[in-house]
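Read the structure below first, then the notes.
For clarity, chains are labelled A, B, C and D in written order, and residue numbers in each chain start from 1.
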Amino acid sequence: MFTGDDKILAAELVETIRFFEQKNWTPATSTNYSARSSQNPGQFLISRSGVDKSKFKLDDLILINSEGDIRSDFRLPGVKSSAETGIHTEIYKRFPLVNSVLHSHSVLSTTLSFCQLKNKKVIFEGLEILKGFEGNETHELQQVMPIVPNSQYIPDIMRDLSPFFETGEPIHGFLIAGHGLYTWGKDVATAKRHIETFEFLFECYHTMRRQLWEC
Amino acid sequence: MFTGDDKILAAELVETIRFFEQKNWTPATSTNYSARSSQNPGQFLISRSGVDKSKFKLDDLILINSEGDIRSDFRLPGVKSSAETGIHTEIYKRFPLVNSVLHSHSVLSTTLSFCQLKNKKVIFEGLEILKGFEGNETHELQQVMPIVPNSQYIPDIMRDLSPFFETGEPIHGFLIAGHGLYTWGKDVATAKRHIETFEFLFECYHTMRRQLWEC
Amino acid sequence: MFTGDDKILAAELVETIRFFEQKNWTPATSTNYSARSSQNPGQFLISRSGVDKSKFKLDDLILINSEGDIRSDFRLPGVKSSAETGIHTEIYKRFPLVNSVLHSHSVLSTTLSFCQLKNKKVIFEGLEILKGFEGNETHELQQVMPIVPNSQYIPDIMRDLSPFFETGEPIHGFLIAGHGLYTWGKDVATAKRHIETFEFLFECYHTMRRQLWEC
Amino acid sequence: MFTGDDKILAAELVETIRFFEQKNWTPATSTNYSARSSQNPGQFLISRSGVDKSKFKLDDLILINSEGDIRSDFRLPGVKSSAETGIHTEIYKRFPLVNSVLHSHSVLSTTLSFCQLKNKKVIFEGLEILKGFEGNETHELQQVMPIVPNSQYIPDIMRDLSPFFETGEPIHGFLIAGHGLYTWGKDVATAKRHIETFEFLFECYHTMRRQLWEC
């Protein structure tokens, strides 16, 4: 159903989802993904709800507007947008330069966030991989990542994130406790690199079992 | 040998088995899988005994009746139904809406069940992945999973499970100590999602090493 | 160079090696594999030395006699039989019904054997996967696995194994300390199943960290 | 753009990079790789900066001279040599017989080096896999691996390595703290085998948690 540049974008998103599936970051039909339409910047390609990510294909992407409504030609029986659509649309509203929002639901993002919710954030520092985040030219910095409580009501999540966004500090993603990671970027490739960077940081910190993680 | 809808169903079952094999949940020809025939609801497709799951193919599925007898046209030299066939047929009898029963034999299902048999059950709570179980709309619940002793005599296993089934609480699967996980669902996709949900829970709880797991 | 049944056997051996490579059990050109020729039971197909197992192919198998000498038509520049050829030929001499000998060099076989050499053996018990060993009909048994010191001189290894073989207890494989696992079977499929069974046991025991493993 | 032997060499390098990617050693566009040109030994094929290694292809290799300058026909918009090009060129200068330099950025190389920087080196001993290093005929030896602090300024790194190289001891690779592993060899296959050998050693030592690793 997508044509032209949006068809290329859709294919890139599908390839990225299958890559994450191979890493075991998308269990049991969880996770959701989006990208801003190349042809209409007020519209967004987003993964529909309930699809086994090991079988995810082009037809499993739908088009929504900035309020999360499905465009009429994508309204088909059984097709729903992700339950977390509101997270995507809110991020696009807050960060106008963001063109892709990605989510992973790995064992480590789930458990780190569950164990460390009490601290409300994690600070990563000193590892070369920090250069994986857009704009970082050195490993000698501190990267703050918010952790907010899980809720089935999206406005709760966005409200808890708000203070972090308002500090003006560069925030590249956040954790929802017991639920996983959201990140974003200027394009799908950048957002994908941010997922990989965060997941690698989770694996390093888990391996080192430093102050964090014990619960 | 399968035709029509059963051929499609058989192909879906094979694809699911190969998916589990890739996850390392099917070591050394262990594990068994079934689905209710689309064409004859009193018959069941089931994996035959002793097949290397990395090579599992359509011809390795056979058709049995509700007593576990192999249908005559599938009786070939060397072809046996799984030693655990009785677990499958008993679950279909108890839950008439179930159309697929799947088993995984992962390192974590084996060791969690071996270590925690003394508690007779595990309770999972608080993680978003709990929504992977059919009917769950929130992570704010407790999911009970029975653990029963291993036995080479299937009626022992079913007898020990019986009290759990009779509570009326929603049970989506159980562990046999040192042996692995059985789960089920209204179709193969749902049962597959349940396997992924349980295995993800095992990985999270192992990573967190909370009260459970130490032995 | 292989023809007829030996060509089929060679293909099965290559497929098995590539399977092990995918599991990360064959690092850095280590490991070696053999099977008794179907056409000449006094000859053996064996992997040649120094090949990257991620690229292993039919031409990397050579034919040796029971003394480990390469058959003349397989003697090519740069082609050597494995440094551990003597382990294979000695096992075939001791167990006339064995038709395949396989070796894995996994992280867990390496470290378990290195840490537990002081006990000279490991005993596995109580797990369903024990039925993966030929002849076992129950999980309620104890399986002894010898551990012998590593040596670059094969007769040392065989001498240390000898007392275990002479007990008459069923031994399905052994560990060389800091070096890995050898196992065997009546055919390639059985020996492969034994590798999978042992490696699964190593993973379970590592996860449980019971008396064993700490060093 | 490569022709003849260099085209074959480039294909081998790409295959090696994709192999490492499958092992999860190349997160978030990190890592870099090179080989000495077969056709002009004063020139080197090297991976260009910023490429997703899961999509790395022949066109992502460029040709540089021994000072790290990109050859004119490879200078295209957006094409930069790796930020760590200087590490490669310095290794080729110091070791004239080296024809390939490879880098991995695994979780274990990152965390081992971060935790053990205080000791300035790691010594590996006693494991069979040590024979994976060129020239080793036995496991009964000690292999020294330097660890140097991370820096965004390459001459710092080379200065800290210098004392290790000057001992004359055989050094097959080094760790940059929190950043990963560099190794090399007489050809791509040897350097690849060295990466596998080191990564396997990291996994073994992590599993054994001996004196090292805790931080």
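The working rule: a contact is a pair of C-beta atoms (placed from the backbone, for glycine too) under 8 Å apart; a residue touches a chain by one contact, two chains touch by 3 or more.
All values reported here derive from a predicted model rather than from experimental measurement.
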item	value
Distance-maximising chain from chain A - centres being C-alpha averages	C
Inter-centroid spacing, chain D versus chain C (mean Cα positions, whole Å)	32
Computed distance of Cα centres, chain D from chain B, in Å	45
In chain C, residues with contacts to at least two other chains	none
Chain contact topology (line, ring, star, complete or other)	ring
Of all residues in chain C, those that touch chain B in their complex	19, 23, 126-129, 131-132, 137-139, 189, 192-194, 196-197, 199-200, 203-204, 207-208, 210
Chain C residues touching chain D - in the complex, by the definition given at the top	24, 27-30, 52, 54, 105, 107-108, 110-111, 114-115, 150, 152, 176, 178-180, 206, 215
